[in-house]
Every structure is written in C-alpha cells, then in structure tokens.
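All remarks here apply to the structure that follows.
Note that the chains are named A, B, C and D in the order they appear, and that numbering of residues resets to 1 at the start of each chain.
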Amino acid sequence: MSDKPETKQFEPTIIGFTCNWCSYRAADMAGTARMKYAPNVRLIRLMCSGRLDPMFVFKAFAGGADAVLISGCHPGDCHYINQNYKAMRRFQLMKRVLAQLGIEPARLKLLWASAAEGAIFASEITKFVEEVRALGPLNFNATGFENQPKVEHKEVPA
Amino acid sequence: MEKKEKIGVYVCHCGTNIAGVVNVGEVSTWAAENLKDQGVVIARDYKFMCSSLGQELIQKDIKELGLTRVVVAACSPHLHEATFRNACKGADLNPYLCELVSIREQSSWVHTDKVAATEKAKALISGGVSRVVHHEALEPLHVPIHPATLVVGGGIAGIQAAIEIADAGFQVYLVEREPSIGGHMAQFDKTFTTLDCSACILTPKMVQAGNHPNITLLTYSEVEKVDGYVGNFVVSIRKRARSVNEKDCTGCGICWEKCPKKVVDNVYEVGMGTRKAVYVPFPQAVPKYPVIDRENCTYYIKGTCKACEKFCPTNAINFAQEDEILNIEVGNVILATGYDAFDAHRITQYGYGRLANVFTSLEFERLSNAAGPTGGNIVMRDGKTTPKVVGIVHCVGSRDKNYNEYCSAICCMQSLKFAHLVHERTGAEVYNFYIDIRTPAKGYEEFYHRLLEEGTHFVRGKVAEISDAVRLPGEEGKLIIQVEDTLTGNQLRVPVDMAILSAGLEPRADAKEVAKKFGISCSADGWLIERHPKLDPVSTVTEGIYIAGCVQGPKDIPASVVQGAAAAARILGKIQQKEVLLEPVRASVNQDQCSGCRICNNVCPFNAILFHEDTMVSEVNPALCQGCGTCVAACPAGAISGTGFSNLQILSQIDGLLMLNIPRKEAVV
Amino acid sequence: MKEYAYFPGCSLEKMAVSYHQSTLETTKKLGIKLKELEDWNCCGATTYFYIDELLAYTLCARNLAIAEKTGLDVVAPCSACYKNMFFTAAHLKTDADLAEHVNFALEEDNLQYNGGVNVKHLIEVFAHDLTPEEIKSKVTHPLEGVRVAPYYGCQIVRPQKGKEDVEQPQFFEGILEAIGATPVNYPLKMRCCGGSLIISSRTAALTMVRNLLKSAVDSQAQVIATACPMCQVNLEVYQQQVNLEFGTDFNFPVMYFTQLIGLAFGIPPKKLGIGKEFVAVLPSLVPAGKK
Amino acid sequence: MTDTLSFNQEISNLLYAAEGEPLQTCIQCGTCSGTCPVAPFMDYSPRQIIALINAGNKEAVLESNTFWYCASCYHCTVRCPQEINITELMYALKRYSIWKSQHQEGLIGPTFSEAFVKMIVRGGRSFEPILAPSYIFSFNLRELLTEVTGATELLLKGRLPILPARIKRLENFKRMIGRIIPMGGLE
C-alpha cells in the first residue's frame, strides 16, 4: 500500500469489540496510564459483549480484518447481570463456524478485562497481534470462496 | 440512501496530547478528501475542541454549512461525549447525531509509532463517519428521582452522610450490620492529632442520627438485593431478628445484667473482653435496644433459661421474633461499608497469637480506652504488669507485596498516637520501627515533632521478626524485635515487654459481593472504584451509587467525614433536579418482523420483554430495558433493533474501520 | 505400595551414611520402595550457581532426566539437593529456552528431559504422603517423654515452593508426635545453620551453630532432629569447634529424623547408623527405648 | 550497545528471568538485613549492597565480603516486601565476581567454589578429603589443623570416603559439560 512505509513484517488489521462498562474503560485506562501496545486493533464500542451479533465478526473477516477481538467484563461482573456469558457461548460457536469456513479459530480471541485492568488489556493485545502475525494474512476475500484452498470438512466435536 | 447527510469532522490536537503523536493536519486533510463519498463536507483540526472556541467552531459550521452529522475525533466518549452533544444541541442539531471517536486513549497515548498512530486515527474516524450516517435523532429519557436515600454502613462516613441529607429535609435509610452504629471509631480511645476522646466527638453524632426524624435507622440489618436504576432503586433489606421488641424496650439494661451467659466479644472488644448473650455492644450504643445473640444464648441452645424474659420490666423480650424483609424505594445510594483491620496472624514471624505480649492496633485501642477491658490501664497480657519497654511496628500488612502493596495511610499517625499514649500513661521507653514516616495533613508533621521531643526512639527499618529467642544478657523474659537500623546499617535486637503491630486496613471480606450487588466495580485489591480518582472521588460508574469513607480506600477520620459530606452534597444536588436524564439506548421489537419465537424473552436479564399471547409477538418494556442489546443479537428474525447501537450502525462502522485495508487485501490475493 | 525414585546425594554416600541407612530401614518398614537413580551425579549444592547458572541447571537436569525414565516422583533426603532439583524442574517447565539449552547438553549423555518429574523432600513423604496413622501403626517403642527440637533449617520450605507456611510450618512436629515424642517450641527452628559457610566463612557459621544449639538447650530439648545431612554435620561435628571458639560446653545430640522414627519402630540402633555420631545419642533415648 | 550497560543492568541481566522484580524497586526497608543470620559478619548489609548497586558503586560491591558470606538460606527472599529474590542476587554477584576475577583478598569462598566445581566436573560427585587440602593449603595453618582433626575423627567413624567417588558415564558427562562451558575454563 502506497501511503505506508515499507515494512519488513506483516501488520495485521484487527477489529476489536468492547463493552461500554469494563473493557472499553480498560482501554481508556491503558490510555490514561500511557501504557503502550500494538497499534493494530481498532475498537468498536458496544453496550455489552452480549450485544455482539456473530454477524459482526463474520462481517469483519469478510471486510478484510485478519483477526477479531471480543472483550467484555469478567464472568460474574457483567453490568447487565450475566450477558457476557452469552458472548462466551457465542464465541465457542463462532470458533467452530470459523473452522468450517477454513479460517483459523485462533484469529478470534475472547478477553475479559475489568475497568481496572488496563495493563492486562494492553499486554493481551500486543500478545494477540504477535499471534496473528505468526498466522500471517487472512487468505480470504470478500468476493467469495473461489480462490480459497479446498477446506477439508472435519467434524467438530460438540 | 435517499438523503445525503452533511458531515463535519473535527480533529482535536488536545495540545500535544494527540498532536504530539498523530499527525492531525494530515488526518483532517485525508478525511476531507477521502470521506467525501460518505458525506463529509468539512474536516478541521483545532488545538482544543472541548474549549468554548472549539465548540463554537462546530456550532458555526452546523449553522453555516447546514451540517446534519458531527464526528469529533478527540478523547474517550466517557470524558467529553456530553460536551460535544451539548454543543450540537446549542446549534439546534439533535445531540444524538454526534459521534465521538477516541484517538487519544486509543491512539496517541498508547502508541509510539507516529505513522501507525496516524493511520489508526484515520481508520477510527472513517469508522465513526460510516456509523454516524445511521444515527437517529433521539430524545433522552426523563426519569423522576425518588427523594429518599439509602446509606449502607453506620460508621463515621455513613453517619455524616445521613445527617447531611436528613438535615436538608430528605428521608434517609441508614443500614448497619452490627447492633449499633458507630463503626470502628466507636472502638478508639483517642483520635490523632488533637487527642480528643473518640467517644466524646462521635456519640453526639450517633445520637443525632438515632433521633433524627428524617433518618430511619435499620441496625442489625443487611441489604439483600438491589433492583432498578438511578432515581428508582428498589432495595430489599433483611432486618435480622433482635429477639427484642423495639417499641417496648426502654434500654434499661436489666436483661444483660441478669443474663448468665458470658461470651468473648470478638467484634467490639476484639477478643479482649466479654459481653453477655443479650447485649448492646457498648454503653453509648445507638439504638439503645439490645440483641440476643442466638448462637450463644442458653435458651436457643438448650431450650431453658429465659432469665432476660423473666426480669424484663416491659416484656420486651420476644424469642419467637423472625427476620423481616423490608422493601424500600430510594433514588440514590451511598456505600460506606468501611474496612477490616489486617489480620496480624498472617505475618507469622511477628508472633501474633503465639507470643502473648504481641498486640494489634485495635487491641491496643481497647487496652488504652477508659471504657475498655482494663479500664484504660496499659498492661501486658497478664492483666497487671505495666510494660517498661514497648515497640511499635509500623506497616504491618501494608507496603508489602506478600500482603498488601498499598500504604494504609493511617498507620504512621496511629503509631505516633500509641507512642504518645504509652509514654504518657506508663512512662515506658517507646520504640517506633518505621520504613518512612508519612504525615501529610494539617498538624500531622507537628504531632510527629512532638513525639520526637517526648524522647520516643525512632528506628528506621522494617521489623524482620519478633521472637522469644533469648540469647544475650538482659533479654530474659522479653520479646526480641530484630531489625536493621538502616540509618546506621546495624542489625539490632531490641528487647521489649510489649510489641504493638500497627495493622493496615483491608477491604471488607465481602467487598466484592457488595460491589456486585450494587453493580459497581472493585480494584484488584478490593477497594471500590470511584468514577475519577481525582475529579470525581465519591461517585461511581453506576449512576446513583456513591461511595464514602474507607470502602473507597484507606483513609483517616477527617477524610472519611469529608467524603460522607461530599457524597451527601452530590445526592442533594440530584434530588433538587427532581428528574434524571437517561441515555435513550433501548431495544424495540418490529412487530411485523417478529415471528413470536420467544428466544428474546429468555435472554433478557431484566425480564423487560413481554410476549403477547393474543398477537403472538414480543414487546420490549422501555421502562425495564437497560439497553444491553443481547436480545438484538439473539433475535433470529432480526426483528429487534437497539437505538444507538443498531446493526446498521455497527456493520457500517466495521466497513469504515476497514476502508483503508481493501487495497492491501487486493495486493495480497 | 508407594514407590519413589531415590536421589541420595553425595553426602549420604559416606558423611551422612547413617541418614542413608535409616532412610532405607524406615521406608522398608512402611512398605515404601525407594529405587536409587542409576548413575546419578552431584547436584552441586549451592556452589554450581556461583560459577555458571546454566551449568547448574544442566547438572540437576541430568538427574531429573534419569528420574523421568523411571516414571516415578523423585525423593531427595538432602535439603540442598531437593531445593536445586525442585527449582530446576520448575524453571525447565516454564522456560522453553532454558529447556532447549539444557537438552542440547544432555544429548551427550543420550538423555532428554521433558519436564515430567515431581521433586519431593524425603520429609514430605513422611509428612504428606503418609498419614500419621500409617506411621503410628508401625511404632512399637514410642519415644514417650523425649523432648525433640525439630530443626527445619532453610531450604526445605524456603524459598516458597507452594502454599505452605514458610515461617511457622508444623509438619515436622506432626511426624514427631506420631512417633510419641514431644516436639518442643523452639524459636530458631527455621534459622539457617550456616552449612554452606562452614568452610568459607568459619566464624560466621560457628556463631550460627552456637545460636541454634543455645536455643535448643534453652527450650529444654534432649535432641535435635534434622532432615538434612548438611545441617546434621554442621550442628554435630562442629560442636567441638564451637566450644573451642566460644568457650561453651555443648554436648548435644543431633539425629536424623529417620533415626528417631527407626528407634520408635524398634529397628536395632546399629542398622540406623547409630554409633557413627560424635555426640552419643543413646543415653537420652534409653528411657524411651525401655518403655 | 553492550558497553553502555550500567552495573545495575549487568547484574539484573545475570538474574534468572523468573526471579522477578528488578533491584531498582527496592524501598530500602531493611527487612533482608534484619532477617539475615550472617549480616553482622558482612561488610555491607544486603540492603546496603542493593543501594550500592543502584548507585553504580561497583568497586565497593565487588570488594565486599557480603555475597560470599550469604548462606543461601532464602530467609530474606521470602520476607522481602518487594519480592526481590535477594539470594539469587547474591549468586549473581558471585558469578560476576568470578567472571571479572575481582574479589576481596583473603576470602576463601571464590577459590573454594572453583575447587568444588572442578572436582564435580572431574568426577561427577563430591569427595570431601580431596577438597579440604586443595583449598585450605593456600590459607592458614590453624584452620588446616582444626579441619584435619575433625576429618580424622570422621574417617575413624567411617564417615569419610578413602577414594574419590566417580560416576560411571564420566566421558559422556564431561562432554555434556563441554556443551555448556569450555572445559579449559575449569579443568
């Protein structure tokens, strides 16, 4: 890409979803405390991780994201009682679907971060970026599956 | 799209906070050129968007260019969303048509690579622009505020808050777990630095709280459940059975005089004294009614005795009394549940519990209290010997990563107070073992100087251990405090008769549960988190829930009183407004699309979704809906939409965020 | 039947041979099988770490690799061996880089270590893997009325290895109670004996030994029980040097805890290596032995 | 870059990564020195050694006996309120001192350590009689005599071996060590 300097390493693009109460505030806290992390994640604020429609995740992959981060309050700390458990279940299902689509499930990460855990939020993002960098660019494009290598259809245990 | 929106993009420098890392000029030029198709008609960058000049810039553009949407790229929406919404409102643009993009907390402050940070800022703005197109004009929800307030915790912070609100003419429920209000302050003998008698300054306040016509005192009670939201909380309170009818009891004291069962008092007397099975914790207790401790009462154990009932002149004893559940409505809540003293048993090398003459700070408070078990005589564990040498150990359980990393803030002053009392009452030689002396408040340093003048020994060094391992002449029968005097570099063995451990403060053992019950968060060590550590220390991220006193972090009496009063002032301000405006983030069901599957009915944590049996569709009750959006994500028919966070808004935002990537993807494939 | 890989360590070959003998005798009685590691090497005490850290880890890893082949937990009776092996195993488990370096060297002896060994101190076998009832069931000559000072020393519990109390543990007392003895409250039970200093910093070490002996005498103990050959040698063999240096007159028996257990089990003293000590142990135990 | 490392950084680099908190977090509370059973014999207390390292006073640190007097009892380490692994720091200082061949004159520790390790490298196991003379000869007669008295008695009690112990696969063992350090350095 022309407006970017020549980089030796692959810089993944990651879409991140946060809830309004814990994980977005963890990001705020990482900011106020000037903690440094990799610039590859672009965050979208939802009210709750329970709002996360799986469609959003697939849309992000289809649109060119190399990975997706989902973050919310710790189990038991949800601002809306227990909606983050729903996010957790959807996360498991989405990983299976991704596997069937031939996308490495490791490209989807779930991260619990309380409003006080800016440091964890920052370090986990940097870690995730490294992991995605190791996986390489997502070989998948929005126009369809024609260019995809044949995916072996494996039964995913329930 | 039928109608083309006109969008203005405003990039804030935030001085150098953003501009120092993100090339703001490049970003605004880029937005003006590349986001035209999305509807951007103007993009500007400015030094401080939140300043009045910055806001006027937006308002001028709205009026002159006819902007229909505004995107501000600046700090976190949790800081300035309201500011820019108000600016829009001032120019007659619906405030909900404004979107704030955080390029400070999420870019300039957390990245060092200027090129990458600038690119990320562009992507975030692109996302914001794509999203704002689909914003709808909304009106905030107006909710009336219930004028009553719940104060949880009857220590000095809670008492202060309750009195302030009650004096202003509003109803307060003051809930306390113990049989009497007063808290830890009621256990103390003297208070630093003025050495006022703690009871002398506290008792009048307790009485005032007890007699106040606007205060409903609920002692021996605990909050069970909290429902609702700011302005309209419904709280269930368990009022434990006292086994005494309050309306008959006169507090005459005959029952506890006649009760044959002595019990070691582990709460008020911290194990140093006894009380009866029917008791008031201390003579000045408020309310004056006793409670029967059913775990220890002979009648509840063996079925006979009833001495209290026999002697009670007003027939107030009621063995059959049961717990009562009260449901109250309040508009605001103050949590002032205080602290637990650090359990000194945990530092085994200090010998507490193993070596008789090692005392904790609370034990010493009782020992020196004229109303305490020794009548204020500072004596050793045998109850008669006056110590000749006393060692006071600072930082017990504080400033130590093995226990608590934080400084407990009060221990230095508490230790100095102890040193003074020991010196004054026994004439004993006193050693203070400290790491640093911290006296940062009015009159505190002067108190330290007074102690220096009194001849108290100060040894700079954290005590390594206290033992009875006698080795040298003169050590027989003494406790040996082993420490490095770090100012001389010598390892010392200081023989003392009595050691006092100045224990730190810890969050209440159940602080995490309490926080959860009230929907707020705790820091990793368990203190409740305030909304802003400097600028908003008594409110929390949950509207309507305030914190005061040690529940927020270790602090002394003056600071607790300040917080209690501050929280009260904040609430009085809210009550005066009579209503509160809520974010109109709510879900709604498009009844034409609803298939009546009822999946949403079960996912809703607030039971806000009703199913109409007749029309076979579901409906969201906006009064109960909290806007989490789980039902929106769960609806298989896509019939539910959430204002402010609709599918269209989020999907468009994803597109926007990824806009910059499409060329690279093509290059890869 | 319980079975362990057994790493005796250099001291038990000669200097602390009575520890070795009493260990074998008492475990045999309890139905525990100890399988000595084949061709083990010295753990290096503390000294390897003075010279080269990687070398130190490699030498311990060689023993761990040999133990791994047996599939058993490895037991070390010496505190220094135990501490070295425990932390080598812990670091190799979490540090892949270190494991790679170490395994590269182990190739020369046709060994590999995959991180699968649990390291235990001999006293843990008695304190945690056996119940007090199991020990009690073998006691024929309870050491009634014998006041024993349990000496933990340093490296059994320090540095912290799990969740146990590092300042006032009680498991040694539990074993002594199981054999009928009276453990005395002994304030210096966790203090270092200076074993690793006896050669390099003699005065310091002798002072530490003197303090320990005085504390034991003051607590009216009749015998010190140890679970480490370094401690035993230091506290017992160097008593004469302490007396010379400080003008004291200590003549205080220091025994291995396995010897005390052996006596309670009715094993003949000779089989427990009793007779090789500098300070006669039997007189103080005679009243108990007769009961 | 290597020549710009401060003394503090050099020492920190010698600590095993898992040993945690760097020395600059020391709050100089003196818990280590108050705890240390050997502190009265040290030139500088452990706390002072950390202060000297942080101040970059390399000469004073290397010329002190402090780390050679550490008994490795880990009492300071379990009590340190900043969770600094002081015992490992003392090991690191010993390694640094041997590496730079700089230590206080007259100390037995450095020579003894080298002799001990050489012995193990040669035979795979430690053997006290060889050991004792090889280091004590270079020091004073009185200590030699006291050691010999003790040794003779141990020998009579059958607690000292006559022949040095060796492991069976000694050649493999030596090659194994060769992969870690050049044998010339210790042989």
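Everything below uses one rule, namely that a residue touches a chain if its C-beta (ideal position, glycine included) is under 8 Å from a C-beta of that chain, and two chains touch if they have at least 3 such contacts.
Please read these numbers as outputs of a predicted model, since none were measured by experiment.
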| item | value |
| --- | --- |
| Between B-C and C-D, the pair joined by more C-beta contacts | C-D |
| Interchain centroid distance [CA atoms averaged], subunit C/subunit D, Å | 22 |
| Subunit B and subunit D, separation of their C-alpha mean positions in angstrom | 50 |
| Inter-centroid spacing, subunit B versus subunit A (mean Cα positions, whole Å) | 32 |
| For subunit B, residues contacting two or more additional chains | 349 |
| Multi-chain contact sites of subunit A, meaning residues that touch two or more partners | none |
| In subunit D, residues with contacts to at least two other chains | 40 |
| Chain-chain contacts as defined at top | A-B, B-C, B-D, C-D |
| Subunit A to subunit B touching residues, read off their complex | 1-5, 11, 13, 15, 21-22, 24-25, 27-28, 30-32, 34-37, 39, 42-48, 50-56, 59-60, 63-65, 76-77, 79-83, 86, 90, 114-117, 122, 137, 139, 141-142, 147 |
| Contact footprint of subunit D on subunit B as seen in their complex | 349, 395, 399-402, 435, 460-465, 482-486, 489, 491-492 |
| Residue ranges of subunit D in contact with subunit C within the complex | 14, 16-18, 37-38, 40-41, 65, 68-69, 71-75, 77-78, 85, 87, 91, 94-95, 98, 107-109, 112-114, 116-117, 120, 124-128, 135, 143, 146, 150, 153-154, 157-161, 165, 167-169, 172-173, 175-181, 186 |
| Interfacial residue positions of subunit B with respect to subunit C in the complex | 347-349, 354, 467-471 |
| Interfacial residue positions of subunit C with respect to subunit D in the complex | 10, 13-17, 39-42, 44-55, 58-59, 62, 91, 94-95, 101, 104-110, 153-155, 158-160, 166-167, 190-192, 194-197, 199-205, 207-208, 211, 237-238, 240-241, 244, 276-278 |
